[in-house]
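Each of the next two complexes has chain A plus one other chain: chain B in the first, chain C in the second.
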Partner chain A sequence: MSISLKRIQAIFIKDYKEFTRNYAISIMVLFPIVFALLYRGNESAEMGTYGFLYNFTFAMLTSFIQACLIAEEKERNTLRSMMMTPASTWDVLIGKSALVFVISSAVLAVVTYLLGSEPANIGAFLIANILSIILYSALGTICGLFSKTLLEASLSVFPVLILFTGAPFGLLLVDDVPLLKVLDYMPSSQFIELLDVMQTTSAIGEVAKPLLIMLAWTIVLTVVSVVMYQKRLKDE
Partner chain B sequence: MDVIKVTHVQKRFGSKDALADVSFSIPKGEIFGFLGPSGSGKTTLIKILTAQLNTTNGQATVLNQPAGMMHHSAQKMRFGILTDNSGLYERLTIEENLELYRQLYDLPKASIDRVLQFVNLSGERKKRFSVLSKGMRQRAILACAIIHEPELLFLDEPTSALDPVNAAHIYKGLRYLNEKGTTIFLTTHNMAEAELLCHRVAILYQGSIKAIGSPKELKRQYRDNQVRIELTNGEIHELPQGEETADRIADWMKRGFIDRIETKEPSLGDIFIKMTGSELL
Partner chain C sequence: MKFQPVYQNGHLLLPPIEFELTVSQSVGIITDVQRKQLLLNEFKDHSQFYVFRAQQGEYMRLTIEELVTFLVRVSGRSEPVAALLDYFSLKDERKTKVRDLPSSRKMYMTLLRVYFAHQPTLVLEEPYFYLEEQERRQFKRVLDDLSRNKNVLIITSNLEDAIISCDTIYRLDGTGFRQLDIQDSEEDQPGAQEKEEQDQVNIAIQKILTKRNDKVILFDPPEIDFIESLEGSIIVHVGGELYECAMTLTELEHRLLNFGFFRCHRSYIVNLQKVREIITWTKNSYSLRLITGKDAVVPLSRSKLQELKSLLNI
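Moving on to the complex of A and B:
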């Protein structure tokens, strides 16, 4: 499978131009920032609250925008046209995820700055964010490829929001419903756990477990999104 | 050399054959038209030839490779396609859309000016795709499909729902492209279009080819040998050629009754109706 930086860049630039002219979607970048402003200076806010804000951003920004961008391309048939050009699966998927990656990184940087949180292990914190952006944008790609229309895609973010962003809250009920223990393996729960752990330690051994679980999610979701895209190449 | 070679291709969806048993080949440089009523399998065939569908049975070779290889970047450099589910980016201008395609095909900057002239959209290049008229949209989509001057071009009903002026623009462009060496595979409902543009046509009905040849050949082949005679008193007779008709004509002629005699040649549309029992647009 061929990867061409030139094609990836061309797709990125195209998406950037479209995004800046698509106010319905570009306005989404404001939500996490507004929340961060509200939480800011709230003395009682704990790491868990911060973690929630990050997880919310991954779902509402990363997954949502990615799902909408992909679904719109499907609805307008531009994806099929692009599939007919020499752009390979990786060119298209990387090119189309690059914009969301950049936007998410920028918004998360602003959010982190506003919250004024200082994670003990910056390296682990960065890796956790990068893995999350990749896995949530793969999730968005999957939602976008499943949806037939833009509307369907924008609704598909709610199951993601409930399942992923909501998982850490589900964990609170684990004493009543032991089955909910599985929610501990959601990347969102692991993200919060990581923030928690890092309050007291920056030891590699402690931060490795959440990062590895998130890495596993990243790999699985990326593979699923690539396989789904390649199925879409066919029109059976 | 054949650019497309299809042998005994069958395509089954569920329990229904979209294509039953189709064989034909298209030599380099030809404009080949596929005619057929709605649901006869034209789009299905284009999808097979561009690796968007697999065949159930049979073989298809395109540009010297199995059709299933058409999704490889190297093969995709060599063909262009315009179908009713081709689309461009609404929020980008024509020029910005073309810029994307130029880069995806890795072409020089000049290719944008050239293709814009080609489809007669140079004056509209700064307009957003969303504000274009239907005819302009279709021409802009065509421009993206041919910006790389492909060896082979697939067109699925390129002029359906276009006015004659816009259609003529597209015909002109296609002829020019063809003169420069592009082989064109075209489907259409429009008989006049096929007659005007195609070197050869095939009539597809219920998943198989019922007739194939140049429009001229087909007309000769399906001529029903009737003569049409208009008499001075206004009567019109359509009679089969033969001794009896010859006698009658001789008789009328001796008496100076004949106003006009002509052999009747079927139009492509007539042949189509005969083959398929259905009426086209």
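Moving on to the complex of A and C:
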């Protein structure tokens, strides 16, 4: 399958313009920043709160925007039209994800700056963020492909929000319901664990485990989203 | 081009279809909504067919210029955008967002997606349905240019739309798939009925006798807008309503000659008193627009143009 930078760029620019002119979606950028401002002066806020804010941003911003971008194209049948151009699956998905990636990175950078927390191991922190953005945009793609309209897409993000962002809270009940132990393997729980671990140590061995689990999630979700996209391509 | 028959619940929905699709000979298929969808589903191969569906949407928030730039880039072309905007006659609107365009213009812009197709065959569903006159003319020009090196297939439920830009027209319905002979079919008329009608006509010589829902309705010739021959039956249009007539076009032509009627096409007779405008689609195709409320348009053969001009002293 061929990848053309020119086509990716064209899709990126087109989506950027559509995104900035669609205020219903672009306003989402403000939410994490407002939350960060609220938590900012809060001395008692711990790593768990920060972790929640990051996870919330991944679901509410990364997944939401990606799902909406894909669903809107489906709703207007422009995705089908794009499938008939020489643009390959990778061109379309990379072009779209690149936009979401840039927006999420920018917002996360602002959030990190506002919170003023300095991670001990910058490298591990960056990798965790990059992996998360990719895996949540893959989740967004899956949501977008499942929904037929923009409205459906904005609702379909809520299961993601509850399941992924809420997983660390589910862990609080693990003493009562041992089965909830599986939630520990959710990428969001691992992200918080990583932030916790990094407070005490920055040893490679300690940070490697959460990163590897997140990498596994990223690979699996990316493969699923690409396969689903191609299946849609055949259905149409 | 060949298609296998499609059955549903033992019902023959799509009869076996076979037709020739060549460059610079656009083909039109007239059929109903259900068969239209079935037929469109047959063009699955994205490397061979570019399928334009009637419900195709557009990126509403882009401006025309941005959209054309995007289409050029994503289809891997290298034409300068400014020249294309000129060619599409969209130059004045290049800074307008798609959603701010009038609906006919919006549809025209959306239809232009076919221009960027790399597939050898273009399949269009109802391309002219949502277009107004100006856009129809512009799109016909683009499509005619495209058909020089691509196969063009138009699927529509409207004969008038197919006539605009198709060289060969087929009709697909429950009884089969056959080429539409755009001629009046005098031989097809059941002879017995014809004679009977003729006798009646002798009595009410000035009236045109029509039938609708088993009622016989008589019209004064000046009431009639135009008459068309459609698959062997003669349809009289009066004030936007349709009535069937048992006479042949040739007979009608003779009878109506003194009332200012004119045979403008092999299958059309038009009341010249009701003609408002002669529309030129291209050098070789013309239509007559009538003054009736519903914006009726009747095709005008090239060969009849001169005759019409001399009749009207133009």
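Basically, the second predicted complex is superposed on the first by the 235 of 236 C-alpha atoms of A that agree within 3 Å, B and C clash if a C-alpha of one lies under 4 Å from a C-alpha of the other, contacts with A are read in each partner's own complex, and residues count from 1 in each chain.
In the analysis below, contacts are C-beta pairs under 8 Å (C-beta built on N, C-alpha and C of every residue); 3 or more make two chains touch, one makes a residue touch a chain.
Because the structure is predicted, anything quoted here is derived from the model rather than measured.
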Side-by-side fit of chain B and chain C on chain A, or clash: clash
Contacts of A:85 with chain B and chain C, given as first, second, both or neither: both
Chain B versus chain C as contact partner of A:18, first or second or both or neither: both
First (chain B), second (chain C), both or neither touched by A:6: both
Partner chain(s) touched by A:77 [first = chain B, second = chain C, both, neither]: both
Shared chain A surface residues [contacts with chain B and with chain C]: 4, 6-7, 9-11, 13-14, 17-18, 21-22, 76-78, 80-87
Interface residues, chain C side, partner chain A - complex: 46, 50-51, 53, 55-62, 66, 69-70, 73-76, 97, 113, 116-119
Sites on chain B touched by chain A in the complex: 47, 50-54, 71, 73-74, 76-77, 80-81, 85-92, 96, 99-101, 103-106, 141, 144
Complex contacts: residues of chain A adjacent to chain C: 4, 6-7, 9-11, 13-14, 17-18, 21-22, 75-78, 80-87
Chain A to chain B touching residues, read off their complex: 2, 4, 6-7, 9-11, 13-14, 17-18, 21-22, 76-78, 80-88, 233-236
